[in-house]
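Chain nomenclature is as follows: A, B and C, assigned in order of appearance, with residue numbering initiated at 1 for each chain independently.
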Amino acid sequence: MPNEEPLLKVRGLTRIFGSGCSKCTICTGPMAGTNICSQCRSIVACADVSFDLYAGEILGVVGESGSGKSTLVQCLYFDIPATAGEACFKPYKDGKVNMLACSAQEKRYIRHHLMGMVYQNPHLGLKLDFTAGGNIAEKLLTAGIYHVGQIRRRAAELLLRTEVPLERMDHLPRFFSGGMQQRVQIAKALANNPPLVFLDEVTTGLDVSVQARVLDLIKKLQRELGLTMIVISHDLGVIRLLTNRTLVMKTGRVVETGLTDQILEDPQHPYTQLLVSSML
Amino acid sequence: MTEILRVLRLTKIFKLHLLGGKEVVGCKDISFNLGAGEVLGIQGPSGAGKSTVLKCIYRSYVASTGQVFYRSINGVIDLLQAQERDILELRRQEIGYVSQFLRVVPRVSALQVVAEGLLLQGREESSALRDAGRLLTYLGIPRELWDASPATYSGGQQQRVNVARAVVTRPRLLLLDEPTASLDEQSKRRVNDLILDLKRSGTAILMVSHDRESLEQVADRMLFLDNVSENQSGEGNRLAFKVAHH
Amino acid sequence: MREKKVQSGYNFAFLDEQSKKEIRRRMLKAVAIPGYQVPFASRELPIARGWGTGGLQLTMSLIGPEDILKVIDQGSDDVVNAVNIRKLLVLTTGVRTTEDTREATLIQTRHRIPEEPLEDWQILVFQVPYPEPLRRVEPSEVKTREMHAEADYSRLWVYLYEDIVRWGEITIGAQYPVMVNGRYVMDPSPIPRWDVPRLNMAETLYLFGAGREKRIYAVPPHTRVEPLQFTDYPFRVEDFRCKQCALCGSVDTYLDEIIDDTTGARRYICSDTAYCAKRRRLKEEAGENA
């Protein structure tokens, strides 16, 4: 059996919006049926999330709106600070430090050099007033490539891979279709060959046919580049197509983890059974 | 003959929370073993838990109790206790599974679907596609359909693609769930020949089927499962041996 | 030319000593962190903000009775802004003034570095309209400070990249962003690109004051100052090949283009008027001696 260390090791990740109190984690969760603390009214967006992710794996995180799945990824990508918990990331200092406790500069380094993110809303991932090429250039410039020719070659290569016509390279993504904006976002996320890519509801809000193309593209890139990904979706269909393993979240907690086909065919937790039965 | 798989008292009980926690027995106290180059056929009435056994071994189901020892290239491992990533690695490298239904990403060509297992193993693309094409040809899928998505295929064609994608990597252990259902006679023969071919090269094969004729043709031994709901206190499965006819 | 009369009723150099002390402290901090913008409490002055009050406050805090002062605006000593500032300083200090760069101990400038080389006993004070080099890509001050703190200059780089994509070259003329000491990107004030290389590894202390924006920053002597540039699109200064000053004949100074209102003819003359006059004087003397 392969016996390497996980690429990402998350332990007890918690994010509370509000003042927080000692009762917060007891008063919330699937049993309580809420993520609002009855004592202090803080919102426990996610609490005590732990998992290991290995290189080459695609981990799904599924749950309804408000289950805390996006918060989880935002904490890991440093969009918002975590309230508590640890995350060790192998490509950064060999996974020996808790990256959640790093300085802002270190986080920025990790984010730009070692991670890629594709948001549901292209406005968050792209600067719509920079050209498609400029958006990709931003990642490359952050990584210290100061050669226009080199940047343009790499951008063209990425756009080709993500099936964006090259003549659109110097156009503003503001005027692109939703599907194409998503593909530019994917190209940007992959610019520095990051060891870990986050996909947050990437196909939500796209036409069904466009959805299929984007999913297909992600699948292809995963196979060709051996990407490691965390895929957030409320859509079990997307989870089934893209992921090997899945975390099921409800009211801020992980209620079940397992192989994706097991989660879908033999869900254990009452909530997962409900989720799966509503899908079929 | 090297033993590849040993299943001990495998039991699966489903707990249906949506029905007030009602428990349904999937299979109970199933034990058997399987050697390299051996085909074990599993027979029994609908609801006897034939597919359940396969899915528990493949880990699509979480078994309730029991043990499933598998002799992998790297040693013996209890599949029921193995880590998820080890299971994923075994699925990629050693264990093939043909389900009753084909599930694929829309828009991906049949050729790609079949070649995927090889590509995931790190095979070079042109060689993987060549092997996939050869297999599709053998199973009678016309070349002009290769670029279409299997989602657009007829039931029988889909089933053949399903078989092809599982056998293309020539797995060490192959779990077949009704591989010949909805196939015409010629396709059935071809699939059975494929199974025999793998068997000859040492693959251990577990085959669930309603198709008595196919089982007769390929299986060395048979496992009969009774309908568990009528036989809940029963002693489990009966094994029937048959003399190999080759 | 020592001015005789110092206006009574005002403190030396107008500002009270406490304010000068505070501003000097800020300047020390700016020197300690080259290129970093230090906030300061910009004082009220008898001239309006936006007219050089940042530079003026630095000069007022630095100047002593023995200093020899030069004030220029776009290279010229005689433009109204320079004249006013000089008058105010002289009126409240009585210091000697000069037009000769080589003689001045303290030079306040707007948008130019004098042509003649400066030395380590001189200080050059710049008037700065917009101290924030990231403003063209980020309107929020909170964000730009965060970007400086994290040395996150990728968006400015993308701006330069897009400039090249669109125009085939970087179109920024004056106010070309520079990297100071490998850490902070700095706005060198609207000096022409011509002057940018002279910020690098200089002998002189350069101080920058933005009165309206309330920022002080500095380039201490012997500090690396590099214009942002791409390996395949290197930084270039303005091209004056085949052009020379119509007055002194100089071919190695920054030239202003003058269009004659009546004839429409183009002429080029030195932007540094004092240096131009000096050259002409020297030429005449050489001619007389010959």
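As a working rule, a residue touches a chain if its C-beta (ideal position, glycine included) is under 8 Å from a C-beta of that chain, and two chains touch if they have at least 3 such contacts.
This structure is a prediction, so every number in the text was calculated from the model and none was measured.
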item	value
Chain closest to the middle, measuring from C-alpha centroids that were averaged per chain	A
Identity of the chain that, by mean CA position, is farthest from subunit C	B
Euclidean distance of C-alpha centroids - subunit A vs subunit B, Å	33
Distance between chain centroids, defined by C-alpha means - subunit B, subunit C (Å)	79
Subunit A and subunit C: spacing of chain centres that average the CA atoms, whole Å	48
Interfacial residue positions of subunit A with respect to subunit B in the complex	1-2, 54, 57, 212-213, 215-216, 219, 223, 240-241, 244-245, 258-259, 261-262, 265-266, 268-270, 273-274, 277
Touch list for subunit C against partner subunit A, complex	146, 149-152, 154-155, 157-158, 161-162, 164-166, 229-233
For the subunit B and subunit A complex, residues of the former touching the latter	14-18, 55, 59-62, 72, 74, 77, 83-89, 103, 105-108, 116, 119-120
Residues of subunit A defined as touching subunit C within the complex	104-105, 108, 112, 127, 130-131, 133-135, 137-139, 141-142, 146-152, 170
